[in-house]
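Here's a structure for you.
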């Protein structure tokens, strides 16, 4: 059961590659694998918190003030995560910069609160948050890894290619982000097309 | 796919023209600059040109025909043109593996990702150049001075110390610049050779004068205003700006590319003017020494918009949709 | 700040540090709304409207309320609420005041709440210590840059639609590649 | 209505809980964040300046910290923001030692384009600033390299470092007023100067004839011919034509142009004018020359204890009647004013100006201490040596250095004492300060030499050990009138000092006199500080004491 859900989060409904949610952080913070993973985990934490609270309060919140309530809840968790990171994980906090407060406008979180947690039980909502979070984290880590390998020949700071080889700096730069993501989406589409044909 | 005709309205429907014949004539037009580049920069230049052209042709054959038969490698010549142009706008000292990557980026990302010839939005050679410039900025801004006659009589390739290009601050006389005896990209330094190619293309009716005129004209105007504001206005300054860097080469061989420039006449003029303005603003007011690549790439992206707003109203067309 | 004029703030926000292509803010609408040139222009105008207002209001909130009271930790929550209510308010106002404008902007307004360019701009204004005039110019530059690339991409996508793009690349992937090459061109302003 | 109330209630409740949670977590994390920030700040400051304590200065034009190690000022850290592409610019931290040399550069923060602007944080880029200081250009292509692909950001950092150096230079008083070279003041001759061009040093030969620049020849250079050619063609000619050094540079070859100009300035730097403060000069004899009305004027000036005590014109060709009188008048004025900023003698402006120029030339050089010309007496001096302050006493009699005695030092005795002995022996034999240092103890020897220079540069002092036992009376003018005192010396030690009579305000003076007497008896030193609040009375008292003891020695 959970395995099926997990596949949904990682592949069939992958937030970044399939639903195209949260592309801003996906492009911005993936200059390396570690920042990508950090962003993914921070987002997952917020997602867990908001799904939890929204699911608990789904019968209390009147429909008319649903969206403002969700925004307040999400913003609260974003700020909490931000504060905690600043206090205890400062280097990561600094590396992610403005994209931490901007988790609040990540369509993934509001989307899951609105489309899933407000209609489902606590348990299902938590599972949804976990699998979606994992999917998001994996996507960002993957994109970060691809860009880090191509851009600097290393992965999570570990040098794969001898430092004397000049890697393509462009992958660490904004154009490389768009191109990498574009090619990865194309690869997924290609697999999907092949599968359909087969 | 191979027979796909390039979308382009008159005025050059003079006879039965195929993509193939046009492309091979462009290659002929590129001959003077290629020869000049090899004479000026030696064996290094020759290797870069050959590598770029061959890589582009092989990749094109693999994408289109999925085989490497001689006929498919020769193809319609468009890949050869793109590859050769790419080689000509690279520094002669570019490591050959970078040339291979550049050609691959140009053909695959610049051209076939958008659907191949006739569909590509950006000039493949420029996409490739921008990509490699941003990936290996140091290698791509290391220029070598031209060879002298004595270098040629002693040995073909010499280790020439790196030197500044005119836009990088080197001072050269206008005659040196005209002949191309300056540091720079292989095909961009010799104004004389570029003009020979241009004359051939004009005589054969392959280029429309509007885009180049808008380009060179607007660049000249910006250069004039700039030198006037700087208090050292002189015709030589303008001539210098026009001959420096890749401006003339781009005017003749890149902004005239039918696929990546507007179809309307007014559009082409606007396109040329836009390219010229951005190129000169980058050169004169921003920190990058050269703005040709970025100016044209930027305007390539504007082409659909330019076309959209300059298409003449078809008689009887109902306004708006 | 003296050597860093308003002119530069505008051009930096619009070109060198283009919100979409260089800073990756507002990617969702950039990809979502850039299928048609007209709708892109509409979105651009709506963003310009909201960005300017939101920047000014959040700047004043920060300057006169949050910062003096030491309530900086409420920044995210207040800013997002301001933007969300502002969008609602603007929607209602435009609907009443100018039905034609509403027709043009209406459908884009709700999308702006989750446009991180607006929120990002509001946060940047205060963290970078801009004064109110710089904030205004920053907002105008950001909106101009956003609209420019949105419309450019829309033009490209309309063009691509009528040409044969390889199947796996069709749609968003090729739009991303085009955006990447556009970002290459924009980087030329910085190099 | 009920639904609306419920809406407001629920939303309000959510907001209240959210606010409460945030306030709670904020109260918990804020101190941690603050502490982390403070620690990071100290760490960051320490990364650019080797110090362990930083003190933020108030009311400075730029944010400035003083850095201390064990209470000693190690240097400064400046925080500067320079504009670049992003509105916030680049926030830099530059550490400088007390001489204004860069010790480290740190990019405190920037919002440059990710990837491109980030390169300014690379180590190789920031490390190249270390060691550069007030005399350096700190410019791309001159003494630091730029970054390909991030030119503007890199230039902004260079500007920040340059401005930081200048700011600290001004703040710490390290930058003198820039000298202005007046070609007319430069004596005829050919001068050589060196300065850094675009690639390497440029050496020039500058020839001056009749106060006019007649040629500038580049004799050594390593610039790129295509850049430098026009510079060499145009600038020397322009300098000669315009008779000035700061001519317009050749655009596109800024580095070479500036190098050439700087080299010419370097060649003529010794003739640059600048403020000379006599009370800052070391004691000794200074010799200099300049052009007068008709040819060279050579002067010698003597400085003792920061006072100009004598000016002698050694050589001149000026009209004897006019020049001679002018010199006398000028010297009188100079000695009275104790500054070079005196009016010229009317009717003899050239001679007057010549004398002043010669003096400036003299004071720009190092002083010479001629033992043969020293007044007889005992000299005391101190200087910093290897382990700390070194104090010594030197006796001059009949123009001969007769003894040098180290009174106190903190150097390692086993090294220093033999070195001192050897130095003193050499000094006494050579009768000049120009002796070699003792190898193996160069710092101690240098300390001894410095202390001796300081001693001989000051006025001779009374040597208590030469005072025979007895009671002596001394008189001097004090605050209210004459002061008389009696001093008793027994076994070479001052045992008692009594004021016999004085006309100073008793309430102020008496306690001061008591305090002074106590200090002098305790320290056996008659050159002690005045008592604050009764400075003039103290000085009177001390003069009377010296007078009394001096008489004892002469008697």
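Chains here go by letter, A, B, C and D, matching the order in which they are written, and residues are numbered from 1 within each.
Heads up, the rule we're going with is that a contact is a pair of C-beta atoms (placed from the backbone, for glycine too) under 8 Å apart; a residue touches a chain by one contact, two chains touch by 3 or more.
Predicted, not measured: the structure shown is a model, and the values here were computed from it.
Trainee: Hey, which pair has more contacts between C-betas, A-B or B-C?
Mentor: Of the two interfaces, A-B and B-C, more C-beta pairs touch across B-C.
Trainee: Could you name the chain whose CA centroid falls nearest to the centroid of all protein CA atoms?
Mentor: Ranked by how close its C-alpha centre lies to the overall one, first comes C.
Trainee: What whole-Å value do you get for the distance between subunit A and subunit B if each is reduced to the mean of its CA atoms?
Mentor: Roughly 41 Å separates the two chain centres.
Trainee: Distance between subunit B and subunit C based on Cα centroids, please, to the nearest Å.
Mentor: Their C-alpha centroids are separated by 34 Å.
Trainee: I'd like the Å distance between the centres of subunit A and subunit C, where a centre is the mean of that chain's Cα atoms.
Mentor: 21
Trainee: What whole-number Å value describes the gap between the mean CA coordinates of subunit A and subunit D?
Mentor: For subunit A versus subunit D, the centre distance works out to 59 Å.
Trainee: Indicate the residues of subunit C shared as contacts by at least two other chains.
Mentor: Touching at least two other chains: 22, 73-74, 77, 124, 127, 166, 169, 174, 177, 181, 184, 186-187, 190-191.
Trainee: What are the residues of subunit B that contact at least two other chains?
Mentor: 109, 130-131, 134, 137, 286-288
Trainee: Using the touch rule from the top of the page, what residues of subunit A touch 2 or more other chains?
Mentor: Only 28, 68, 72, 75-76, 79, 83, 169-170, 173-175, 179 qualify.
Trainee: Quick check on the complex: what are the subunit B residues that touch subunit C?
Mentor: Checking each residue of subunit B against subunit C gives 109-110, 112-116, 118-119, 121-122, 127, 130-131, 133-134, 137, 282, 286-288, 291, 293-295, 297-298, 300-305, 308.
Trainee: Which bits of subunit D are touching subunit A when the two form their complex?
Mentor: Going through subunit D, the ones touching subunit A are 3, 6-7, 10-11, 14-15, 18, 21-22, 25-26, 29, 32-33, 36, 40, 113-116, 149.
Trainee: Considering the complex alone, what residue numbers of subunit C touch subunit D?
Mentor: Those in contact with subunit D are residues 1, 3-4, 8-9, 12-13, 16-17, 22, 73-74, 77, 124, 127-130, 134, 138, 187, 190-191.
Trainee: Under the definition above, what is the set of subunit A residues touching subunit C in their complex?
Mentor: For this pair, the touching residues of subunit A are 20-21, 23-25, 27-28, 67-68, 71-72, 75-76, 78-79, 82-83, 98, 101-102, 104-107, 110, 170, 173-179, 181-183, 185-187, 189-190, 193.
Trainee: Name, in rising order, each residue of subunit A that touches subunit D in their complex.
Mentor: Counting only subunit A, the residues touching subunit D are 28, 31, 57, 60-62, 64-65, 68-69, 72-73, 75-76, 79-80, 83-84, 86-88, 90, 169, 172-174.
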